[in-house]
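You will see two complexes here that share subunit A, one where it goes with subunit B and one where it goes with subunit C.
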Partner chain A sequence: MFNLENLDIFAVFMFFLALFGLITARNAIKSIVFTLVMQTAVIMFWLFLSARTGTIPPIIYDQAILYDITAIADPTPQALMLTAIIIGISVSAIKITMLNYLFRKYSTADWYLLHEMQAEEEAENPYN
Partner chain B sequence: MQIIEFLLLTWIILAFILLFERRVYRNIIYFGIFSLITSVCFLMLGSPDVAMAEAAIAVFSTIFFIICIERYYGKKGNKVEFIRAPKRGSWFTNIVLPLVFCIGLFALFITFMPVGDVSTYLKDLYLQYFATDVGGENAVAAILLGYRVYDTLFEALILVIAVVAVAHMSWLDRMAVDDGRHSEIENSSMAVFTVRIISPIILLFGTYLILNGHISAGGGFQGGVAIATFFICRYMIYDIYDISVKKVIKLEEYVFVFIVVIAVFAVFVGSKAFLAYQFEYFADAFNDTYLIIMNILIGLKVACGFFIIFYRYVAIERREDSPIEISQRHQSSEDSHV
Partner chain C sequence: MLTYFVIIPVLIAVFLFVFASNKGARVLAILFQAVFVALSLYLLWETRGEEITVVIGDYYGVMGIILRAYTTSAVFMVLCGIVFLAVAIYSFNQSDSRTFWFLLFILQSALVGLFLTRDLFNIFVLVEVSTVIVIILLMYDKKNRNMLSGLVFLMLNIVAMLLYLFGIGYIYMLTGVFDIQRAGELLAYVDYSDKMIPYALIMTGIAFKCSIIPIFSFLPKVKLYPKAPSAVAAILSGVQIKTMVYMFLRMQDMFGDFSSHNFFLAVGIVASLAGVIMAICQTDVKMILAYHTMSQVGLIIIGLSANNEYAMLGGLYHILSHATFKSALFLSIGIIVHSYGTRDVYKIRGVLRRMPIVGMVTLFAVLGITGAPFFIGSISKYFIAADVPFWLNATVIVISLGTIISFIKYAGILFGKDLGAEGDAVKPDIWRIVPSAALGIFCLVGGIFGGHIINFLFPLYDSPASIDTWGYIEKSLIFLGSAVVGFLIYKYIVYGNNTLKRIGRLNIGFRSACAAMGAFFGLIVIFVGVM
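Let's look at the complex of A and B:
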């Protein structure tokens, strides 16, 4: 049905599904989860690019593996994506801290209620 | 049907479940399962390093989320739904317009997506020469620590910045609680018993990943996350804050400086290449020593960073005795749906 070359459609589809979820999310927790899903989809797309040339892991414990170099996966996107994953979890830790701040201040994570409350605050003291 | 296709279909189905699930805790648990399936997909695509990192990150993000929202949604969160706010906008603007927007972008991307063969110039170059240039047997570790060491340095810097930002954006100013204070959490004895058996194995596994990062899958990041998991397990068992967080923060800063210094001297100044050229017989030894030292330092740094963030969430963010300003109206609206 599919070749490995065509399967990266799944990753692209997942990215836009997560974008849709991000637009329609009513809750801040769900927004954070969908940003993480989006990041996962991007990483998957890059790894499909890496696997286009082959799916053997790039661990050369024997020089004989290099005779069939077209079957080995590309290590460069993998190294880049390893960096991206660590940066993603660092940023999501910051996001969760900001979510905790929202909880502390407004005791809700619903975007509509948050907008209402912030509008009320601005109406009370507009020069703050 | 190949296994990867089955896994990808499960992936999509889980994403749809995430889209339609309204309960908070289930959302987070489904995201954990989603990440684990993603990790298996990565393994099938021939990248065990990324798969290991993704699995570790799945566990960590789940823990962070649950610690953060436990205080507000209660421990039996399955029964608590999202708060139903008064509805804004029409069905058309809320659902149909975003759907059309996303489908349009998807179609645009599909139309202009490059197909066909990819260039293999860089891949061939790296795979043939990394063993003599950088050393080791794992090409990904060689690229991370040799060819693209700038990326690794800035990534370590971003982890430091994340720790600082988590402390800065927090509601409470305090950096650490007193040592020796009890956490006042009632862990189930079953979980404590299991964790007691598992935690030494986790520590051993993390050490193995770090020390063998240059010759097999794994490396500093994955091993560091595993060691941070060991400290979380330790916290679950002993139930007391006996590690001084200020010292851990100091250790992380010093380790970061060491990483920068060693990378600059070994790679940018060229000491490693010089030594390997002068003592040709020991070239492999110099290469492997550099890789192992960098992996150990990065593992230590990642373990410190994740331990600090976890500790902060557990000990400070979810403290009950801090003042919370809750307006009466929203408190009541939240309670009515419990």
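Let's look at the complex of A and C:
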């Protein structure tokens, strides 16, 4: 069976990969995607905290059976991650809306060009 | 009882979402806000020397979300209530947009929640909520918005909070609880090397949010200030950044034995020097104020990290005094810019003649921020530098000197001949003058009764803080000396200097700020690892 033990290392790796992506990607869409990757890495890390190989879901099927507490997956991180996912989705929606506005105004999604155009605008009219 | 502090603002917000266009409803909301301030003063009285905790949902032990009020958090809640009351009165005639009023009070609820909660995950959620609300408050006005800076600011904040979320995942792995106090107790038993990574992750996130990563964390934000409504700017600088400073304090408490004081001391010094230098280079009035937020927060961090009781007290009091004079400055500059129709610091002249009350408020607040004797800033700066090594004392004096130079430039708007006729010289609205004047007067009151206020607000420290008269006179003389030096430097070096203007236009993109965040993380790991 697929071993879940070392996957949190993978989550850490993915997190820093996303940070590297954020530093290097010039396109704003890519930056948004990399924040999503980063978020996924964090969520994965949280889920691997609670569920390891051999753990069972935290559902009591039969009141008569006594479950081994250490073998049950911890439901708290999972519940919290639902909140984090919802926050992530709504914030991404805002980010994409804002980028959409910028793209319509400047017809580019390149960070460098966007900053340059803004600097030009400011130089023209600094105290509007 | 504590839950009501979070719920009342939400109820006001919902009420205003329906009736915001009605003047009577807005008066009612302001009255409710006054009740909120009164209640938080009562809470402050109740929590003197003890603490109140409420477990939401009556769960056993640390299973539920725990709200906790103790003296420091009650002080911050009073502060939050007062600034929001001032802002609500200030915006009374300015805005009948229900988006504005709704979001204003939801924001208050989120910030109060941050001061009260003891749950690590709750902090994440509330910080995200407040960030998003601030962004919408800044962007909803279609004419005045700086979308690019808003996007950069939002994305950087999200990245910072993801670092924080990662960190609390580690904390949960190590301790199994989300409660700050319990986690702090359990972390004492955890190996030092295991705590390093979560410490670095959480501290990077928090340091970014309180904008003390030098330059990089504040520049994306500062661009938002010029176009922001003054009321929102006052909240951003006055309260929102303070919640993160408070978080900084609590996280340092939680991790306990890390000897990272020197690291954050250095960071604070660099941040405040950078903020002062950038402020000297600006010619836009709102940008000058915005950069001073950075330098003053740096000063607060110096106070909190100096590992010395007096400096700590000074840092805490400086949070209050900064909130007071910075909101007074932002609210009054809003009236001035509205009347003159420009933000150029060299074009606005003769405010004292055109609007005497607003001019006096600005003068009081400027004296407060520069640390003039008898004003509120002098007390907190006195305490920060009261009992520290000589080099740190000298650094604080240099920072004050920089503050004085840029505020000599800023105070130029008060005097001189009113060129006038450019703006429509409208008669200022009484609803806007009253809250600014109240905050301006508090700049003086908080200075004259500073020692008593400190002893009343922070009684937890066993030795009552006292102000040494000779020490205070010495500080006042240093202030006068640096005012003279500052005036000379301003006159011969800063005035109309084009090189400085070019430095002031420095801009930092999204990617470099991300890189700075990564580098800051690495630095903390290295520092904590070596120590």
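To be clear about the criterion, the second predicted complex is superposed on the first by the 117 of 128 C-alpha atoms of A that agree within 3 Å, B and C clash if a C-alpha of one lies under 4 Å from a C-alpha of the other, contacts with A are read in each partner's own complex, and residues count from 1 in each chain.
Throughout what follows, a contact is a pair of C-beta atoms (placed from the backbone, for glycine too) under 8 Å apart; a residue touches a chain by one contact, two chains touch by 3 or more.
What you are looking at is a predicted structure, and each value in this text was computed from that prediction instead of being measured.
**Student:** Check the residue A:10 against both partner chains and state whether it touches subunit B (first), subunit C (second), both, or neither.
**Tutor:** After superposing on A, A:10 lies in contact with subunit B but is clear of subunit C.
**Student:** Applying the touch criterion given at the start, work out whether A:56 contacts subunit B, subunit C, both or neither, answering first, second, both or neither.
**Tutor:** The first partner, subunit B, only.
**Student:** State whether subunit B or subunit C is in contact with more residues of subunit A in the superposed arrangement.
**Tutor:** Between subunit B and subunit C, B touches the greater number of residues in subunit A.
**Student:** Which partner does A:87 reach: the first (subunit B), the second (subunit C), both, or neither?
**Tutor:** both
**Student:** Please work out whether A:119 is in contact with subunit B alone, subunit C alone, both, or neither, and reply first, second, both or neither.
**Tutor:** The answer is second: A:119 touches subunit C but not subunit B.
**Student:** Figure out whether A:101 sits in contact with subunit B (first) or subunit C (second), or with both, or with neither.
**Tutor:** In the superposed model, A:101 contacts both subunit B and subunit C.
**Student:** Examine A:30 and indicate which partner it touches, taking first as subunit B and second as subunit C; both and neither are also allowed.
**Tutor:** first
**Student:** Have a look at where A:19 lands relative to subunit B and subunit C in the superposition and call it first, second, both or neither.
**Tutor:** A:19: touches subunit B and subunit C.
**Student:** Which subunit A residues come up in both lists, the one for subunit B and the one for subunit C?
**Tutor:** 19, 23-24, 26, 32, 49, 76, 80, 83, 87, 90-91, 94, 98-99, 101, 105, 112
**Student:** Which bits of subunit C are touching subunit A when the two form their complex?
**Tutor:** Touching subunit A: residues 121, 124-125, 128, 132, 135-136, 139, 146-151, 154-155, 158-159, 162, 165-166, 169, 172-173, 283-284, 342-344, 505, 507, 509-511, 514-515, 517-518 of subunit C.
**Student:** Across the complex, what residues on subunit A touch subunit B?
**Tutor:** Touch list, subunit A to subunit B: 1-2, 4-5, 7, 9-10, 12-14, 16-21, 23-24, 26-27, 29-30, 32-34, 36-37, 40, 43-44, 47-61, 66, 69-70, 72-76, 78-83, 85-94, 96-101, 103-110, 112-113, 117.
**Student:** If you look only at subunit B, which of its residues touch subunit A in the complex?
**Tutor:** 1, 4-5, 8, 11-12, 15-16, 18-19, 24, 27-28, 31, 34-35, 38, 41-42, 44-50, 53-54, 57, 60-61, 64-65, 68-69, 71-72, 82-83, 85-86, 88, 94-95, 98-99, 101-103, 105-106, 109-110, 113, 115, 117-118, 120, 122-124, 126-128, 130-131, 137-140, 142-144, 148, 151-152, 155, 158-159, 161-162, 165-166, 169-171, 215-217, 219, 221, 302, 305, 309, 313, 317, 322, 324-327, 330-331, 333-334
**Student:** State the interface residues of subunit A toward subunit C in the complex, per the touch definition above.
**Tutor:** 15, 19, 22-26, 28, 31-32, 35, 38-39, 42, 45-46, 49, 76-77, 80, 83-84, 87, 90-91, 94-95, 98-99, 101-102, 105, 111-112, 114-115, 118-119, 122-123, 126-127
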